[in-house]
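Take a look at the structure set out below.
All chains are identified by letter, namely A, B and C, in their written order; residue positions are counted from 1 within each chain.
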Amino acid sequence: MTSDSSTRSPFSEAQTPAVSVNIEGLSKNFGDLVVLRDITLKVESGEIFVLMGPSGSGKSVLLKHIVGLEQPTAGRVLVDNRDATDPATREQVRMALVFQAGALFNSLSVYDNLALYPRENRLASEDGIQEKVMRALQILSLEGKAQKFPSELSGGMKKRVAIARALVMEPQLMMYDEPTSELDPIMSATISEIIATLKDEYHVTTIVVSHDRDLALNIADRVGILMGGKLAAIAPPAELRASTDPRIQDFLNPRIDLKNPRFKHLET
Amino acid sequence: MKQLTNICAGIGSAVLLLGKSIGHAPTLLRQWPRFIEQCYLIGYTTLPIVAILSFFIGSVLALQAGYSMQSFGAKEFIGSLVGLSMARELGPVMVAILVAGRVGSAITAELASMKVYQEIDALETMNIPPSRILVLPRLAAVLVMMPVLTIIGDLVGWLGGAIVSKYTPFIALEPEKYFETLRRFMKFKDVLNGLEKAEVFGFFVVLVCCSIGLETRGGPREIGASVTRAVVVSLILILVLDYFVTKILI
Amino acid sequence: MQNNPQQTARVGLFFLLGVALIWVAFETLSDGKVFKDKGYTIIAGFDNVRELKLGDEVRMAGVKVGSVEETRLTGRRAEAVLRIAPGVIIPNDANATILSAGLLGTNYIGVDLGTPGAPPLLAGAEIKTKITADINTIMAQLGDLGTKLDNALGSIGDAMKGKDGKPGLFQRLDTLLADNGGNITETMKNLKEVSGKLNSGEGTLGKLINDPKLHDELLAAVTDIKSAANNAKGFMTDAQAIVDQVKSGQGTLGTLIYNDEAGQNIKVVTKNLRDISDKLAKGEGTLGKLINDDVLYRDAQGTLKKVDRMVEGLADQGPISAVGVVANSLF
């Protein structure tokens, strides 16, 4: 019954339909600060969508709207055709967000970090939970770290634990917020491979926020570029590379120009 | 004006948090280990400082009472004075202040850092309400531990008063006499009154500290600001509540 | 997410400690039950336990030996159950009284020492009680005393006047004098001797008469109550009437003075009187001792002082008028 439009659980043969995300005319202000302006975008079920953009352009804020942590100032976000701000949506659609800094629970061991979701939502017996947690750790090659505490882990390991924790939720929609930032190039590549593998094996709809060009151009089905709170472009990687828009070209291939440094004329 | 709206917003979020936590009350039994852990942090680890402070408060009370009462020969009433003031007023207020300083600040710091480092957001995305796993066990634990801390504080304070009364040369009151008058002028109701007060103080201190912690916005710097605010608000709250609760209980 | 067992145990222990301490506070502060399991109880019955409260002290010769555990009404009397500390022995003839102590007006139960050899009171036994000198009770009793004295004096008056046709005291005296004329002179001589002793302050009666302090005290009492002394005027009037009878030669005394035959009879009686007065002078018999002995005087003086003190504090005029009548008719 495997099909490309269904999400497979990493832990069983159960399949659930992959979900799509519809963002319609989304605007967000924090007081006087306008962060997002009228963004309309659809992420298809089962695809990897990579959102790029300079720091502070509002990428994380956009993700928070999708998981319902922020209320739109205008417009709406639909996940599997349900309003993201409705608490019930989170119960019906399993969404996992891998936070930029990992957001691991510092007071809990790696094992307990992963086990918290199924335990608190009473999704399995303690044996079932253990099986799931160990499987997730195994997928990310973290078996030996189960009893470690987050403060004892390196940056790359924290990211992998955060991904494993998301995986335990058997998500239909997986979101990553800058999964490769602060990592060395090899670890960045590893994380990119993980994201692609998870998508390929389980057919999870995936949204990755990143300004890692290698990641975006290698694993993305489509790439969106957010600039100044607006979507500057949405296109598959190949198209994007061929784009003639100077802003996009500059963003994807910034030249380091010591004669005429950019920071001398940055907008304030 | 802005400050007034801030205060109202603070009260509002605390009340909402209280409502949500009470709504999760049926899950408390499932969260037994978390409850025990909070009991340990709020009660057991606070015991030494409560004991030390109560001992000296009782001692100072006895000393002051002995000093001012010796001139009209009423020093055998030191026992009742120390006993009543510890049980009805100083015991509960002092324990509440210690809990605010030691436990409340720690709660705010922990929740604020969880908020700043997005652990709270992570919980929300995992469909686990923070009011359920972070606030409810703490509220339940403080309700159980406040009477225990307060009765220990009361008794240690009485003991401190008795020791000082015996060994201070110008008082030299035998412990038998001290506890005699203490017993004669006190009823269990006085102690109970104090325990009820402590219960109210502890509950609101923890609620306010949780609320301020969860309302933290911004970066690591705001954690410190939240902790300071939580302690100040708790102390004010204790003294304001003290007036009203005393009035109700009298 | 399991707690370590040590933490759980500590919290459990801590909680139990709190419960235990609350229980201790409850036991200690509830109705002074601290002696509940120690010592024994005895029962003290009173007409009225007044301000006695639970937890009030029981003191034996001023030393605390226990506390009041319960007060209750049994039939027509109030009972206090006293919890006595172990090792304290209360003799069964000791008396318990309700006393008040201190500026706070609290009461306590005072138990006296009893007699050394008396067997001890056992648990559950009843201790003897004494009505305390409660000022209200004293006043009421003095009022009663006054009424009784009034009645007694009334009878004396009746006896003197004669009642229901029988001759009164003066009439009898009249007869006596009429029968004994001759020995009167001798008697007078003895009497003079006696009065000499009295005058020089010898013997009880003499001291009574000659001690100015005592006199003043009595006088003060007398002055307070002069109005009441008016009653005595009635006696004087009666006496006057008798004297008139004597003067007019009527009755025994009249006859004694104006009739020779009667004079013979009187001689005999007077001789008897002389014998009596001889004895008096020598200090024989009760009256003689009264005149010749100091001890009785001292007793009397003490009694009078007590009476005086009592009289000073009295608001009720009843007993005073009675005392006044007695004093007036005696002196």
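The rule is short, and it goes like this: contacts are C-beta pairs under 8 Å (C-beta built on N, C-alpha and C of every residue); 3 or more make two chains touch, one makes a residue touch a chain.
Because the structure is predicted, anything quoted here is derived from the model rather than measured.
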### Message
Measuring between Cα centroids, which chain is at the maximum distance from chain C?
### Response
A
## Note on the structure
Judged by C-alpha centres, the chain sitting nearest the middle of the protein is B
### Task
List the centre-to-centre spacing of chain A and chain B in whole Å, with centres computed as mean CA coordinates.
44
### Task
Please work out the Cα centroid separation of chain A and chain C, and write it as a whole number of Å.
107
### Query
In whole angstrom, how far does the Cα centroid of chain B sit from the Cα centroid of chain C?
65
### Junction residues of chain A - those touching two or more other chains
116
### Query
In chain B, what residues contact two or more other chains?
none
### Message
Please output the residue numbers of chain C that touch at least 2 other chains, ranges allowed.
### Response
1
### Query
Of all residues in chain B, which touch chain A in the complex?
110, 113-114, 117-119, 121-122, 124-128, 132-133
### Summary
Contacts from chain A onto chain B in the complex sit at residues 64, 67-69, 90-91, 95-97, 99-101, 103-107, 116-117, 120-121, 169
### Query
Hey, which residues of chain C end up touching chain B in the complex?
1-3, 7-8, 10-11, 14-15, 17-19, 21-22, 24-26, 28-30, 32, 34, 55
### Query
So in the complex, which bits of chain B are touching chain C?
33-34, 36-37, 39-40, 43-44, 47, 144-145, 147-149, 151-152, 154-155, 183-184, 186-188, 190-191, 195
